[in-house]
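Next come two complexes built around chain A: one with chain B, the other with chain C.
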Partner chain A sequence: MNTLSLPRIAYGVLVALLLVFLLAPVLLVFPISFSADNFIAWPPSGWSPRWYVALARESELLLAFRNSVVLGLVVTVLSLAIALPAAVMLVRKEFPGRDILFSVFTAPLLLPSIVLGLAILIVFVGRGLVGSWFGMVLAHLTLTLPYALRVLATGLKTLPPAVEDAAGTLGARPFTVFRRVTLPLMAPALIAAGALSFLVSFDEVVISLFIVGPQLKVLPVSLYHYVESRTDPLVASASAVLILVTLLLVIVVERAVGLRKAVGGGG
Partner chain B sequence: MSAALLTRPRADWRGGTVLMALLAPILLVNVLTFLAPVINLAMLSFRGSGPGGSIQEGLTTATWTSLLTDSFYWEILLGTVWTSLLITFLTLLCSYPVALWVSRLGARWRNLMMVVCISPLLVSAVVRTYGWMILLGDQGFVPGVIRAMGMTPPRLLFNETGVIIGLTEILMPYMILSLLAGFGKLDRTLEDAAGTLGARPFTVFRRIVLPLSLPGLLLGCLLTFVLAVSSFITPKLLGGGRVVLLATEIYDQAIVTLNWPLASALSILVLVVFGAALAVYGQLSKLVD
Partner chain C sequence: MAIARAPHAAGEAPRDAAPAAGLNSVHLTLEALEKRYGNLPPSVSALSLQLRQGELLGLLGPSGCGKTTTLRMISGLVPVTAGRILVAGRDVTALPPYRRDMGVVFQAYALFPHMTVAENVAFGLEMRKVSRTEAKERVMRALGMVRLEALADRKPRELSGGQQQRVALARALVIEPSILLLDEPLSNLDAKLRDEMRNEIRDIQQRLGITAVFVTHDQVEAMAICDRIGVMRAGRLEQIATPLEMYERPTTPFVADFVGRMNHLRGTRLEGGGVRVGEAVLATAGTSPAGEALLLMVRPHRIQMTPAATAQPEAAGRNVQPGTVRRVTFVGDALHYEVAMGAETMLVESSTVSGPQSFAVGDAVFLAWSPDDTLTFPAGTEA
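== the complex of A and B ==
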């Protein structure tokens, strides 16, 4: 069955080339980030860590990075706090209109972010929310809540209700059951939903671009403006750092639940 | 299906107020930053725009009339649809062999390679687009390789070619995921049976593998097309302002020209394209079944 024939080898080479095509833009960022040149050139004329040094001095990008981390953390905490009770209600309680509500709550994912960004901008402008932290958090929640809700709902559905019933039968009150039984069992789903919310917020560029205003800086938007105006290897070093941070988060999620389940999970 | 929904047991309303209280926050965010803004957007396309980004009082179809009678916008619309179809086709061509290969690995390797295939999704669109600027720029990787082979490289960046190459790669993970979901139904014993009965490998592929993978293929194409139509960052950066698509035009009208009614109408146009794509998908899915 597994004999090496010519078509088989050709197919293997084709798949290898396509995988290189798929991964090249991400992988090439690493060697370029150690370039000694003033502009992007391949191969670089020499190697040096100068762009990492430059990155450490780029105060605007550093501020943007800090803002994005803070924004991501606030959005993550709020996403979990808002989506968890909603998920419990939508999965455990039966009431008319439940399916419709679930669809409406996950609908923002179906809208292109350029349309959603414009729609939010128009509503925000007259109310002084453009360029404000409150406005940014609110807009990011629109994107992270559908993900958090889906992951948490999937996590809840896979929990056997019998365990909760058993605790109830033994005399535990509903909130005690939730705190002592449901919540610990949901830990993987909570970690996945939290990490996903953070990544979505941390990476969001189009909606932020619309409502970030001139003062507030967030990393994806600052990087976008940098790439738009200059093409030096600085963004490569910033990208390398970002990819490593993302990788770290992904490993945490993978350890907790499995990436495929976290990303593709849903009803 | 609908009968099952109708006869579902009525809720126990003991927790009615608790229910409302726990759903209120998500409902509030949804209404404030999704439902209300989108309805407002649709209504705004029926308002007129004045100088300096002002919006005129009263309802009018002037924005829609000027949009639908201007050949410039028809060209953008058709260009966007055509480019997105081309990107979808190329993405399918590049993804199918990979997905088929991954689906045939042993369980452990399959999971690892799946993570590898979707890992680019976790890298910011700006970073991946920047990666393509390194690859395609005049002093970049690909022109360098072409020069090393003794040929003159064509211009690959800041034109439509760059946008198509970049978006094809950026959308591949979605296509691979959809295809893999479809391949899940593929039973290896069917292929072996066909082979035993004397079918040549290509015949097995054409008669068994391809038809069985069509549902996943269609879903992948729908997803890729929709994402291509709505992509903004990659066309903006790799197109260098020279490639005008619906999404980039919405941004320019909204941020540069400050014509919000027109930007709103163009947004609705994107949603119409989405609806058309969904309808085509629905028809094709029926044919496949």
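== the complex of A and C ==
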């Protein structure tokens, strides 16, 4: 370690401040979730797990949580099932308009979700899709597909060169090549695309807000409504649970591929 | 085989310099092969050649000449635009790669990173539904051939480049393919390993008696191990011949330059048969119409250099020209001289082992070479 110069110290302080700025609200959730108070206050006057107990009894939130998990899983599976063949075509086949098509397919990434949500609402309203599972899945797919497509396309492009050709010359038919060589080598990209799709769907508030109905509640929207009407620390304990679940998923992805490689890179 | 005279018809189809079929039968035939991408000029065109069973053919040429495309057409990885590919008389042109039974070694090795060395080598056998026990035995035999039995359970990323390429070779050979195709297999290896590997490839190829095509841009590599070499340029086969004939009797200036150093002299054919180059009149072995502009080529090591002080070596019909040494370069086993000869600069190469004496810059010398060592081409064919 070399001596600490002034610029180095200044840089360190800046990074530390930025981290505090980004993470403080998130970290604050944990102590507040153990508050014994009846409303959110800092610092809490006493400590208690009572809001976790309350959370476990809040049947409406639990139902919304279950709905969100089911929705996330369905959307993830569909995203991968649709995005994988699409990525194979867009990366492997040469055809006119390919690059434009890829841009169009990934464009929703750039649209503000309020615009997307409104557009979806306008389309759905006349067709009875609002408040339905089918409508919710469709709406979430518009968000998750661009992510999945992008991650899988990057994965395909970064496959080691000529391995599929090599498998072909060794006697493997195209489908066997895909199953024995392409798919195993795509595993990290598939895990990353899946995790990302799930998180995006699980976390989505704005678009869900347009689609939810009395029969179909999802967690982010229910939490939002809860905060609107109540001020007790129950949302903090719910948030703490969510943060831990998300962290777990991120760790899985990081282990499988390295987060940076999975999300960014290539293009 | 009679030594071909330098031809004048440059567009002429390259002659097949293989000894007449007899001992070995024709195994691979390419007939007027052509590959086009869209409206671009063809990547490969009018490519015809025949390989005998057990022959190693080198496809040599600069990058972009179509040699790799040709190899990929043979393997079926690239569909042909026109022409036919026959293996032992059977037309395989329309067959997909997985039904061609050819072993391919790729430039970037192309090992399956998620499989062990043994699994990589076993892959082709598995596709052929070879029983597990037999496959295991054949895998170990193939790995033994490339001396890698000890690394059977490693993953490719734990291997050095040379080891990876040997695995790739074993994987291509274990299926006992009818033809082995090698696409610049040595270009990712360092110089020392490259020499070692190329000899290893040659040994194995000869031991198995397998017909093989070896694509490279390195003429030394091709010369060293190939039975015959086909030099390609802009999608066409310029010449196909044994390495020695290719070197001694190139049929085009491009081939002459590609397979070794050459002196270039420009001149005009005279009535009497000589060629005027600047002030000098040189003798050549061939004849051509008087007045034709010619390009003469002489290999640097074919020129004999003697001191001007001694008697002029006016030996039987040889070209003898005075010159002055301008530069001397020592390259280990040889000396390279740049000699001013009239308006031309000639490169002369003499072995440091057998050369009678060495010269210094400024020395007046005579350069002498035989008309037989002078290749003549119509001017303008070299570009």
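Convention: the second predicted complex is superposed on the first by the 249 of 267 C-alpha atoms of A that agree within 3 Å, B and C clash if a C-alpha of one lies under 4 Å from a C-alpha of the other, contacts with A are read in each partner's own complex, and residues count from 1 in each chain.
Note that in this section contacts are C-beta pairs under 8 Å (C-beta built on N, C-alpha and C of every residue); 3 or more make two chains touch, one makes a residue touch a chain.
Keep in mind that this is a model prediction, so the values were computed, not measured.
By the document's definition of touching, of the two partners only chain B reaches A:V227; chain C does not. In the superposed model, A:T176 makes contact with chain C only, not with chain B. When both complexes are overlaid on chain A, the residue A:L185 reaches chain C alone and has no touch with chain B. After overlaying the two complexes on the shared chain, residue contacts for A:L121 are found with chain B alone; chain C is out of touch. Touch counts on chain A: comparing chain C and chain B, the chain ahead is B. Judged by the touch definition given at the top, the superposed model places A:P85 against chain B, while chain C stays out of reach.
Shared-chain residue A:A162: touches chain C; no touch with chain B. Considering their complex, residues 7, 11, 14-15, 18-19, 21-26, 28-29, 32, 39-43, 81-83, 85-86, 88-90, 93-96, 99, 101, 104-105, 107-108, 111-116, 118-123, 138-139, 141-142, 145, 149, 199, 203, 205-206, 209-210, 220, 223-224, 227-228, 231, 235-236, 239, 242-243, 246, 250, 254, 259-260, 263-264 of chain A touch chain B. Per the touch definition, chain B reaches chain A in the complex via residues 5, 8-13, 15, 19, 22-23, 25-27, 29-30, 32-38, 40-41, 44, 94-95, 97-98, 101, 111, 114-135, 137, 139-141, 144, 166, 169, 172-173, 177, 201, 226, 229-230, 232-233, 236-237, 247, 250-251, 254-255, 260, 263-264, 267, 270-271, 274. Those residues of chain A whose C-beta lies close enough to touch chain C in the complex are 160-163, 165-173, 176, 180-181, 184-185. Contacts from chain C toward chain A in the complex involve residues 75-77, 96-104, 106-108, 110-114, 123-124, 127-128, 168, 171-172, 175.
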